[in-house]
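Structures incoming, each one as structure tokens.
Shared chain: subunit A. Partners: subunit B in the first complex, subunit C in the second.
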Partner chain A sequence: MSAMEKSGTAVQPQEFHQDIAAKWFLMSSVSYFAIVAIIALIIAAKFVWPEFLGSIQYFTYGRMRPLHVNGMLFGWLLAADIGLSFYFIPRLCGVKLWSEKLGVATAILWNIIILGAVFALPAGYQKGLEYADLPTPLAVLVVIAWLMYGFNIFATIYSRKYEQMYVSTWYLMATILWTAFVYLTGNFATLFTTGVNQANLNWMYTHNAVGLIFTPAGLAVAYYFIPRTSNTPLFSHKLSMVGFWSLAFVYVWTGAHHMLHGPITQWLQTISIVFSIMLLIPVWAVVYNFIASMKGQWHQLGENVSLKFLMSGTIFYLLTCFQGPMHSLRSVNAIVSKTDWIPGHAHMAVMGAFSFFAMAGVYHVVPRIFGTKLHSETLANWSFWLFLIGGLGMFTSLWLGGFWQGWQWSTGNIKFIDTVIALKPVWVVRLLSGVLIATGIYTFMFNIWSTALGTKLPQGESAAV
Partner chain B sequence: MTDYTYPSVLFAYLMFFIFTATTGYFLFRSVKAGYWGKNSEEPKFRMLEDDPLDPHTQPKAHTRN
Partner chain C sequence: MLSKTDKNATLFIVVALGLFFIGGLLTTVLPPLLDKSWSKPFENNDPSKGPTGKLVQYTPLQQKGYEIYIREGCKYCHTQQTRTLLSDVTSKGAGSGWKGVDAPVSTPDEFVYDYRQTFGTKRTGPDLSRVGGKYNRQWHKAHFNNPRDLVPGSIMPPFPWIANNPDELDALVAYLQTRGRAKNWRPDNDYEQ
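And now, the complex of A and B:
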């Protein structure tokens, strides 16, 4: 018996994984990805033509934007990460998922929440808090769904065959615990505060939603799929632990950097800057590990679509996490804060890094759990290049535009409306980039659904890309 | 309307403290469980062999150094 196995547990052949809950989450998340892409395009079009659909209350900017943000974050990305975790956690633990029925019930509840948001947010039922727009009844359902999901995953991990857990398991457990804290603070504690304190708590939630929900979930996915898709061991498990624990210690304090130069205490602003700079430690530990794992394996990028997504996501993760600490500095923040730079940064994190990781996972997992072959490798490559080129166009136009916008504001002698008009070319580029990204998303969705509905392969035949 | 600003800020500080304390506790536990010792690299090799039903990803002969 291996020293790494839990005492009293013999090595057993791998049980058959049903993956029903994974199928539910993955297929619904891919569908929401495509639906919300339309909302994103409508918003991008409104920047170019402000009157576009402006006379219909359900399509006004104030109602579309929360639907876009919540749809992408919870309908697509978090649901995809949940679905992928239902795939890799049982495998990493050497056991079946604790309850497929509970997993499917969670997926049904999750779909009810997302569909509820699709009707509630355009109808104007929202809290008006960044990332916490969902009406309270739906937010309560999110808490219930998260408890169901967390119980299922922790029960699976508790019954694991091996004592030592792979780093993806660590990150996923942390995601579950941190989400509980972060989500409750952002969606409920903020309701009992007013003014600047409410804004401060809300930004703590918003930033930690990225840093303590989507970052650990995304890294859990990347840590699993980079070795699996390249069939190469991770460079260093010990280094992955350094990344994990440093993230755990430093991230929670960084949210207040959104309030720099605002009416909050200076010590809190300084602490948020210091901890933002310290984020370079976990980020570089993660990125070095991913890049070093690819040593001698770069040739695989040519023919492995999942790996293309994973390594591009790694580069975007490095860039966004270098950008974040740098614009936390007071001098840089004075220029870029509240400008288009910030959505450029946020999109690179959530779309550039974590959506790339999730798409890689979906491309790897869907043929396997449905027992089919990937419908089209060509389409998969198209989805990658459309997403990459569109993403680069969007990020760079928003950064440059944001910096320009901040410079214009800081001069103090340019009328605000003139700064808005000046940015129109930037928003045209953003719209065109959005069209490329949306086309990539539809290609991705078509390919994944066609794969899921494709002809089943005989038992034992490779389902891989 | 009652303003719960101070209780909520104290709640946030309490959560920060609980976070830091539990992080420290589990970090200590991870040292005791051997994640920083000589067998700490074992999981990265085992994860490549976690799905024998997936013929595509049958592991190569990975070196366990």
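And now, the complex of A and C:
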């Protein structure tokens, strides 16, 4: 029996929880997902038509890209993970959220930050550090919002009814703790350094934004919703501990692998490579646990949209985390680094794995907290297939294109501009894939908003959780 | 000990942060203490040790151009690092070499005065770590106005609000001309102004 079975089984009816903070975060995250999808399409279109919106400075590529990255990471994904955690942490602890009011205040502040970014970044107020592009005043607000969120979650956990904490609870606690320091490093410590020293701190942040913010937050979501939506116990509590503690030790060492062959100390590059390879341990422990939990339950995927997203997300997680360690090998890195392969890889991690987990959670949670039924199962299925096909189209076209470009560079006798012209068909495929993904996002948003605004089911009839 | 962390939240916090700080401090605080090239500006007067030259502080005009480079997010498409790879040093292919001379490899001591690191992760356009002196102001003005006029097939966006603003254009070009110039890497000194 998993800890979740012991501690998290439905003992309180849905009405016990208010879920107001969860509603705020989830509904705004879904809306930002749709808004930032437009930015994503604009920048994909610019690769095909470089003059598109080209002479308006606010829409130039170099200003749209940070808006796309920050909007998707903080406006959609992190906000969705926060909203989902406001749902599952109280349930795993058997108590109400410590303060719904504080949660709503956090959501309002979060919205102010994202709206601030929507205006500041196109206006050229970017700090100039990748992933830490938000200007310092907004970054300070992020820190405040994070303290409010962390306090609320930890206060809930410290007042819990069940002594044993389920794996989702550890992953989320770790997300909150590590994010605090990772974010401070990337956004503030960097400001007191220059050159390579700053780059090293920047990559420590960038890499751990994925590894110690989005990974543990996403895995917390997946560890909760895979057993929950399939009504199946987790395969192994012990294995989940192996995965967690190996991640906790290994991840933070790998930042310098973003500068392989570059102007940064050799031994630091080598350390980052060694630890990047070790990342296979936490990843395979987690993926084995997820897949083994599904044993004898795979038929459920046919009728369960959340489970479709969760298990495809698991496969993408496995693939992206196999690519990562392989990219860090010097010989592979010499070909793929700085090419279009890298955005292909990054999108599989953040969209293919962690956004899939978050969407699964949103599809499961929104009908329950609003006391309604999912507006349309058919549309939900459509959104899944649009995401899957669009995603695969984007990932594979960028990998192939990037690999091809890397080989061309390494010949040493093809002019740079010719390697750009060669990639034009790839960027057309990426734009078309982007249109599919964006259609998936709009289908998802429409379905979720219609569910939230739908007719309330009579009390007691909503699914008990 | 780890087996108790799923019951004791405080123990969990201590261990999770402890493991994080081991790797975090050893990979961020320790390296600059051990490798002085991260903080000591490049200077070499001995031709037998590679390119000679000296890294100097940015002038106010160059600094203004640097800030424009950051404002426009140029680093999202242009790297600034000549890596230890043929693809990067060559003058015959897609590298930063120029007119028959291969580019010297970038070293940490060339970036000591950079208030924002511009190494970049994506090379959609060519690397700029040795662009200083390759093109003159006139070329840059025409290129910022419409890159495709000079480089057919380019997908770089036009920047008319810079090309048509002499103050910004001068500043940005002044910044670009500094890139890679700490190392005096062209034997014939054939740098453009």
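The rule is short, and it goes like this: the second predicted complex is superposed on the first by the 446 of 465 C-alpha atoms of A that agree within 3 Å, B and C clash if a C-alpha of one lies under 4 Å from a C-alpha of the other, contacts with A are read in each partner's own complex, and residues count from 1 in each chain.
Everything that follows uses one rule, which is that a contact is a pair of C-beta atoms (placed from the backbone, for glycine too) under 8 Å apart; a residue touches a chain by one contact, two chains touch by 3 or more.
Note that this is a predicted model, so its numbers are computed, not measured.
After superposition onto subunit A, partners subunit B and subunit C are found to clash with each other.
Shared-chain residue A:F192: touches subunit B; no touch with subunit C. Look at A:R228: by the touch rule set out above, it reaches subunit B but stays clear of subunit C.
When the two complexes are overlaid on their common chain A, residue A:T378 makes contact with neither subunit B nor subunit C. Contacts of A:W253 after superposition on the shared chain: both subunit B and subunit C are touched. Residue by residue along subunit A, subunit B and subunit C are tallied for touches, and C comes out ahead. In the superposed pair of complexes, A:R91 makes contact with subunit B only, with no contact to subunit C.
In the superposition on chain A, contact is made by A:M204 with both subunit B and subunit C. Of the two partner chains, neither subunit B nor subunit C is touched by A:T136. Contacts of A:V420 after superposition: subunit C is touched, whereas subunit B is not reached. By the touch criterion stated above, A:I342 is placed in contact with subunit C alone, subunit B being left untouched.
The intersection of subunit A residues touching subunit B with those touching subunit C, taken from the two complexes, comprises 3, 163-165, 167, 181, 185, 193-195, 197, 201, 204, 237, 241, 245, 248-249, 252-253. Per the touch definition, subunit A reaches subunit B in the complex via residues 3-4, 13-14, 16-17, 91-92, 94, 162-168, 181, 185, 189-190, 192-195, 197, 201, 204, 224, 227-228, 231-234, 236-238, 241, 245, 248-249, 252-253, 368, 460-464. Residues 2-3, 5-7, 9, 12-13, 15-17, 19-20, 22-24, 26-28, 31-32, 34-35, 37-39, 70-77, 79, 81, 83-88, 90, 92-95, 105-108, 110-117, 119-126, 147-148, 151-161 of subunit C are the ones touching subunit A in the complex. Against subunit A, the residues of subunit B that register as touching in their complex are 1, 3-5, 7-9, 11-12, 15-16, 19-20, 23, 27, 30, 33-36, 39-48, 50-57, 59-60, 62. Subunit A contributes residues 3, 46-47, 50-51, 54-55, 57, 60-63, 65-66, 124, 126-130, 154, 157-158, 163-165, 167, 170, 173-174, 177-178, 181, 185, 193-202, 204, 212, 237, 241, 245, 248-253, 255-256, 258-265, 268, 271-272, 275, 334, 338-339, 342-343, 406, 408-421 to its touches with subunit C in the complex.
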